[in-house]
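You will see two complexes here that share chain A, one where it goes with chain B and one where it goes with chain C.
Let's turn to the complex of A and B:
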């Protein structure tokens, strides 16, 4: 074991860690918002709406994440580059950056997986609770906002914690499209210093610590007052 | 599961037991990076390794009257593969640098090429006057170019790719502003349809670029190192080298690189 590479490359590794955390935060937050939309869409009374969202879920869940990243990054990215007004336009610094393609893929993926999860959670809420809300004179939107969603999300917290950990592990795919996430940073260190195993061991431990962090945040929410229906 | 256990046993055996020297008639295994790096090494549709380095490796074996085998290893794991006796020689465009010499012993250099910067004409880069500042630069991972950028442009965003093809692709699609690469790779790119509209500038030599490309062997393999160095000099002297060189390049890549006389 030799860790002489650690200090000279600390900046790079921290940059990678920051990138990984940003990916989790961006795609987790946007993902859950979209997932609620997907769940509601799937439960829509309109046949067209529910089957459209059903198709979306099937397509996203039925293809490997890496393939989706490649399709967006190489496919969409090259299509953008062929348009001069985009290629030389003010948005190009963002559009050229692999980070946003990975983030977008993860958001779409989360929306599909978490959407199904939330749909099953919403189905599991006893109808009596919703009927009671209605008896109190709450409209559909108000019932959803005050009773249905908070109850669902709270019940789903343990499952969502697991899904967030899965999301964290999925972010490691970012390194395949030249995004310097935690694994990408470790790969650079490995390639430049020829210490092949130690950087991998280090990032494995950091990923474990991140998992621990995610689980303890969810644990706090579970024990706390957030998402607890009114008292 | 059993296979996993066997693999674990095998790896621990390698680390614990002293290495048993190979038999004298065992073939010398030349390790070539699995990622194609045309025209230095690439696989023909028939699955045979072709290019400057496989050809030169075959010529060296003939010179040494030795049995040889070419084995492909991923670039980022090639030094560990050498040290683990999976291969005997790294023969895949590895520049001789002080950092690598801590782990690997090199023969005399067998080729050297300039280092080039390629960028779209529209960028109008002036490389000589620190013109890369603030630019997003693409390079292949684990190359001397990364070290050079770290020293002279420490604040630049450097994007690292597994293969030169990926660097070319992202340069074409505008994801990077410029790439740093080997002069021969830059020439090859300039000859492709995608490479039109780009300009290539050669960087002045820098100690970080190393002293040419050598064959890497294990530091304790002194006999093989001497044999290889002698063979390299011999094929250079008897004209075989020039024949292989002309087959692939428009310049003489024997160090220091020069135009053909």
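Let's turn to the complex of A and C:
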């Protein structure tokens, strides 16, 4: 086994790592915000609203992530390129960068998967706790912000830890649309140095370490503010 | 005569096709302790829940804390408030204690008590803390201030719930079977707190199965059956000399054990 390629390419690999972490952070944060919206939309009393969000969830969950990335990147990307005001406008450096297409796809995907998770978590909160909030004069938004969501998200921490790890692994698909994420960086190294095997081994270990990092962050949050088991 | 805090006249409430309250009337003046008794399904809990609008009555007149509740019906004939701002006003003057405590498990005891004063009434944190601590002292739970509800016994949880209800400085207190979810040996500590509140002249309406407690503490007892108040009066009269056969039987079985 030969790791002579490692030091000369360290900068590139770190860049890739940074890109992967950024993808997780951006699509995780925006994803959860949107997922709360999807959960609320699915629970809406309006049939039109709830079935619209239901359709959204089915479409996103019913198509492969890679297909979605391709559709957004090649479809949307080439549609944008056909619009002169975009093609020659100030946003073009971003619009031609695969990173934002992958981030957008992951946000939309997380919103659908996590939305259903959050919805089931919200429905599992005993109605009496929400009724108490309402009896003490808390309106719907205040109840949601102070009682319902904090309770739900804390209950869901173990599940969300798993979902975040899944998200991390999904970010590797970014390398398919020329984004230099961790795997993308490794691919470049492999192509340039003809060491086809060792760089893969390295990124596998880094992904494993990232997983460990994600799980320990969630574990800390959980231990710090964990809901003690009820009697 | 002390002012009337609660006036209910011909109150009706249906759940779908089932009419649970079929025209109930009662009055509570300041300092009254009303006990609502009756079998399950008699409508006593629904009546209590109408008083802070957890249930919206379908018809009849309802005055709470001197404010008449204005109800209108939407196009599906469902009852709703004519003025939604009334909801906050009514509820901020009514403290409620539930059968299953319904404390918020992600907040500590102190946070549970301070939640509504800070986030609903807009009290300052320092002021709310001081008030909450004095309330915890009165229910004997100061040393549990930083504990989560899951660590408390049922009796302790219910005492926290009482402190939480007192924290909004309510003019009226509602108790919905406050001891029914408790182990028998824990009932006493909760009743003691409620009795203390009655002694200091608080206006309270409670749904209870504790007949002895109702007899000793209530100023007025209403026996509900089939969605109406079948019999009512001062506890001494109602318990020693019930007029209707149903009330006589109910009291007989419940006072016996």
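Couple of notes before you dig in:
Here, the second predicted complex is superposed on the first by the 224 of 231 C-alpha atoms of A that agree within 3 Å, B and C clash if a C-alpha of one lies under 4 Å from a C-alpha of the other, contacts with A are read in each partner's own complex, and residues count from 1 in each chain.
Simple rule for what comes next: a contact is a pair of C-beta atoms (placed from the backbone, for glycine too) under 8 Å apart; a residue touches a chain by one contact, two chains touch by 3 or more.
Remember, it's a predicted structure, so these values are computed and weren't measured experimentally.
Contacts of A:61 after superposition on the shared chain: neither chain B nor chain C is touched.
In the overlay built on the shared chain, the residue A:92 is in contact with chain B alone; chain C does not reach it.
In the superposed model, A:196 makes contact with chain B only, not with chain C. Judged by the touch definition given at the top, the superposed model places A:187 against chain B, while chain C stays out of reach.
In the superposition on chain A, A:169 makes contact with neither chain B nor chain C.
Look at A:147: by the touch rule set out above, it reaches chain C but stays clear of chain B. Note for the complex: chain A touches chain B at residues 74, 77-78, 81, 87-88, 92, 96-98, 178, 180, 184, 187-188, 190-194, 196. Contacts from chain C toward chain A in the complex involve residues 52, 54, 87-88, 91-92, 94, 96, 98, 100, 102-106, 115-116, 119-121, 148-154, 164, 168.
Interface residues of chain B facing chain A in the complex, by the touch rule stated above, are 75-77, 79-80, 99-100, 103, 122, 136, 138, 141-142, 146-147, 159-161, 166, 169-170, 172-176.
The touching residues of chain A, when paired with chain C in their complex, are 126, 128-129, 131-139, 142, 146-147, 150-151, 154, 225, 227-231.
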